[in-house]
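Take a look at the structures listed below.
First chain A sits with chain B, and in the next complex the same chain sits with chain C.
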Partner chain A sequence: MSGELLWWLNLLVGVGIFTLLATSLNLINGHAGMFHLGHHGFWALGAYATAWWTIRLDGELSGPVLYGTSLLLSTGVAAVGGLAVGLPCLRLRGDYLAIATLAFGEVVRILIQNSDKGFLGGSQGVRLPRVFGEFEGEAAKLEFRALSLALVATLCVLAIWAISNFIRSGHGRRLLAVAQDETAAGLMGIDPTRPRVLAFVIGAAVAGLAGGVHAHFEGSLAPQEFEFMQTVKMFLIVVLGGMGSLSGCVVGAFLVVGTERLLARAGGAIADWWQVIFPMVLAIMIVVRPQGIFGRRELSDWFRALRRRRAAP
Partner chain B sequence: MSESLFSCRELTKQYGGLTAVRNVGIEIRKGELVGLIGPNGAGKTTCFNLITGADEPSAGRIRFCGSDVTNTRDFRMARLGVARTFQNIRLWREMNVLDNVRAVCRGSSQYGLLAAFLRLPRFRRGEREATNEARSLLKLLGLDGKEAELAGDLPYGDQRRLEIARALALRPRLLLLDEPAAGMNPSEKSDLMRTIQAIRAEFDLTILLIDHDMKFVMGICERIYVLDHGEEIAQGSPEEIRRNPKVIEAYLGEQA
Partner chain C sequence: MTQYLLNGLGLGAIYAFIALGYTMVYGIIRLINFAHGEFFMFGAYLGYFVLRDSGIDRLDLPQPLPIVLQYLAAVTAASLGAATLAVVTERVAYRPVRRAGRIAALITAVCVSLILQNLAVKAWEAKTRSYPDPRLWIAVADLGDRAPANLWIVRPFRTTGGDEIEREELVLSEGDPVDDAARARIRGTPDARVFKKITPSTEVAQGFVLLALVLWAPVLWFLVKRTRTGTAMRAVSEDMDAARLMGIPIDRIVSRTFFLGAFVAGVGGVGYCIAYGQVSPYTGFLPGMKAFIAAVIGGIGSIPGAIVGGILLGVAESIIPHLFRSELGWRDAFAWKDAIAFAFLFAFLLFRPTGLLGRATRVKV
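And then the complex of A and B:
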């Protein structure tokens, strides 16, 4: 029974982490309209920043402080990474931007893979000290996963709230304007580079945060995890939910991560079928409903419409 | 005679071997409503692109408000006070009507990133200001009640008016209208004429407009420049232009 519960908690934390990754990818690809394929690189930067910090300062800071500061560091490191990628790539469009960002993601993975064993663990990976103490027995494991779920859910709510505030502000409007018609935006006094760089930095920062959460939750990291297929998965979530819809990301994360984990649990030959199913779903989706489940709409639009209908006699 | 707001001299633009605009000189005084006409391909829109900084001139100087602004980038020109509308409407089609205007309003750039993330008071103040300004502009152009519709879903005439509202949100000193009456029927055209006169008075605007419809241009402009094959062939009052043999030839030549 408790094994079952552990599995579900595990799944939900995974959904939470991928919700963070997909919403941040969506900001860059969906809202800003930039074809970015290196999100796994930002994720890896965040995860390894947390690992590095936690290993160095284990025992010197208390658990919650270590957890909090490591997530801040992850967010910051990934944001700097976003700036470093965003600035030189701004002149690139479409396919060229996709190639450059994809290369970035792969470079991050390969650098970590070839890093010094004492620095980031190299190809062997690293183990993180457990900031909330080592847990023995089912009950302690359950407690840790429930706590992780509460944390990741809180972070998801905060991140989605902040991103949706950003999009519905002047900054967000200028971003959408540049994405939809750059020429018109320029002639209306909007500097087209600023919103683009901003989207890159914010998107990278949130992916870094997801990396930090992931590192603490898993307790160990291996560079092979942060492969291109992870970005494909995030991409599928975004396309399934709807480019430019935050609600779509949450629903998409449930569908994609849920399917993957359920197939893995079924085990045997079926376990790897997600690698066949996902690209097929992606292809079908693009043919049948390219705008995704939600299009650019949000759940809140629907609630508002419902309330209006109820208010009307 | 009031002071000069805008002038360009010997403005030339070459695309490879093709000269789209050659030695064009335009001077506009504060408060004037000036027309720029000419047959298709005469270089009118190219002139607009050079004036607004969307394109760099190959030669010539541009002055605005007493300073040299040649080779100033488009968004800087816009901030200096040069706004425009487009011949082929360029709204942000996936954004709603209100946001198309609010994206340009000053209020929406008066707060930082943190204020936006956390909806701080500065954000609310800036947004309130932007929303009020956008609403009053929409009302002025008869678009109130449509603010939640997507710009791309609006009927053609409304899209043209929304472009004007968006340009006014820049609080420009010089407004460039690129074929504002294109595709409109006579009654819509006379509405538009009234609207242009109204915004001109209200915002103390100087306007340069391009149009094909001679009746429309003659009816509204105080002074007219005529371009043909990238060169300025005439300028003067509507009466002078109507009688100018070169202009008659350019237009009749096109039809023949």
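And then the complex of A and C:
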């Protein structure tokens, strides 16, 4: 029974982490309209920043402080990474941007893979010390996962709130204008670079945060995890939910991660072919229904419409 | 230093062969064909099967000609296989999305690449296979006093599953004295035959690819500049709509471009796998990526640019880590050589996005 519960908690934390990743990718790809394929790089930066910090300071700081500071560091490191990649790359358009960001993601992985064993673990990966103590028995495991879930859910809510506020801010509106028609926006006196760089940095920071949470939750990291396939998975979530829709990301994360885990658990032919099926779903989706489930709409739009209909006599 | 330069030239020729396909396809339909790496991976697998089943490692003839012929057969099979896969992929996946916009087409290409990679895992397992090396048999009587090379024997071996396989075993290292004890050991093994293994070393493989590039370049030049199809390709790449109005069958020309690009990539694919001695379903990704970078360096859309870019990248990947190691004393420099290509990519995209030989296109609002 408790094994079953553990599995479901695990799944939900996975959904949460991918919700964070997908909303941040969505900000860059959906709202800002920049075709960015290196999100796994920011994720890896965040995860490894947390690993590095936790290993260095284990025992010197108390558990919660260590946890909190490591997440802050992850967010910061990824944001700096986002700035470093964003500033030069944002002069590029469309497919060139895609290839440059993909190259960035791969470079991060290669650098970690070739890193010194004592620094980031190299190709062997690293183990993180458990900041809240090693688990003794099922109950402790259960407690850790439930806590992680609560934390991830909170972070998701915060991230979605922050991103939706950003989009409704002046920068966000300028961003949407630039994404829709750069020339027209430029003629209105909008500088296209600043909102774009901001979106890139915020997206990278949230992905880094997701990396930090992921590192603590899994307890070990290997560079092979942060492969290009992960960005494609995030992309599937974004496209499925609808590019430019935050609600879509949440629904998409549930659909994609849930399907993947449930299939893996059930086994059988579909699970065997999952790696072939999911790029196929993405390709078909992008051709047949490029706007996804939600398009650019949000669940809140729907609630508002419902309320208005009720209010009307 | 010269050694590293030659190495780099060979590696560069491999990149150039692969980059040609990227540049031709990009030139004609403005699509980064992510699946190109998978096309030549597929070709390299066909080459692997040809070499393995034609028995390059079971040669009884000590002449080099059959070995060369087998490699030619492998390269031909690889090229044809890659080209066929490219034409099928273009028809099934790319043609339907050509009108759907560039980003949709690019996502489709990424997906096709992953699908082909994972289909290869399904078909041939995820394991890395070593590329077959030729073996030359030696009669025990010819051995002389000292072993002329590493000498091996093959002996039948029964696996736990009951299958009978052959296993190689080193009996004498190069330069070991061939005394009576050694002879007795070889003779005493039933069915044992002595052979030396000719590993087509990285240098030899790369040398042949370089030679192939020298031979192929004028052929390509002729195809693109002097044939009707080549003229049509250039017309489509210049202006697709105008070309259609002139009665050029766009679909057929695009399909032929894919065929040609993947055909030459087959040569690079086999060369790469021989040089590194192995093939796996993931073989296409990294060299594919680097070859694309080579195409960007040379100026994407330009055929001579792909060759120049490939050579340049290959030489840089070989020379720069060498300099770092010998001049700056950085011992691990070669572990980081994969990052060089990406640094080049960033530098070129920022400072010279049209590449060395590319033309700038003006966008009108």
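Quick note on the criterion: the second predicted complex is superposed on the first by the 307 of 313 C-alpha atoms of A that agree within 3 Å, B and C clash if a C-alpha of one lies under 4 Å from a C-alpha of the other, contacts with A are read in each partner's own complex, and residues count from 1 in each chain.
Everything that follows uses one rule, which is that a residue touches a chain if its C-beta (ideal position, glycine included) is under 8 Å from a C-beta of that chain, and two chains touch if they have at least 3 such contacts.
Worth saying up front: this structure is predicted, and the values here are computed from it rather than measured.
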> Thinking of the overlay built on chain A, is A:99 touched by chain B (first), by chain C (second), by both, or by neither?
Replying inline: second
> After superposition on the shared chain, which partner residues are touched by A:232: those of chain B (first), chain C (second), both, or neither?
Replying inline: second
> Touching A:310, do we find chain B (first), chain C (second), both, or neither?
Replying inline: neither
>> Between chain B and chain C, whom does A:183 touch in the aligned arrangement: first, second, both, or neither?
In response: both
> Does chain B (first) or chain C (second) touch A:56, or do both, or does neither?
Replying inline: neither
>> Under the stated touch criterion, name the partner, chain B or chain C, that contacts more residues in chain A.
In response: C
> For chain A, which residues belong to both interfaces, chain B and chain C?
Replying inline: 183
> Where on chain B is chain A touching in the complex?
Replying inline: 52, 54, 73-75, 77-79, 83-84, 86, 90-95, 99, 102-104, 107-111, 113, 116-119, 123, 126-127, 130, 166-167, 169-170
>> Residue numbers of chain A touching chain B in their complex, please.
In response: 162, 165-166, 169-174, 176-177, 180-181, 183-192, 198, 296
> Of all residues in chain C, which touch chain A in the complex?
Replying inline: 30-32, 93, 96-97, 100, 102-104, 106-108, 110-112, 114-115, 118-119, 121-122, 285, 289, 292-293, 296, 332, 335-336, 338-339, 342, 345-346, 349-350, 353, 365
> Touching chain C in the complex: which residues of chain A?
Replying inline: 35, 37, 88-89, 91-92, 94-96, 98-100, 102-104, 106-107, 110-111, 114, 183, 228-229, 232, 235, 239, 272-273, 275-276, 279-280, 282-283, 286-287, 290
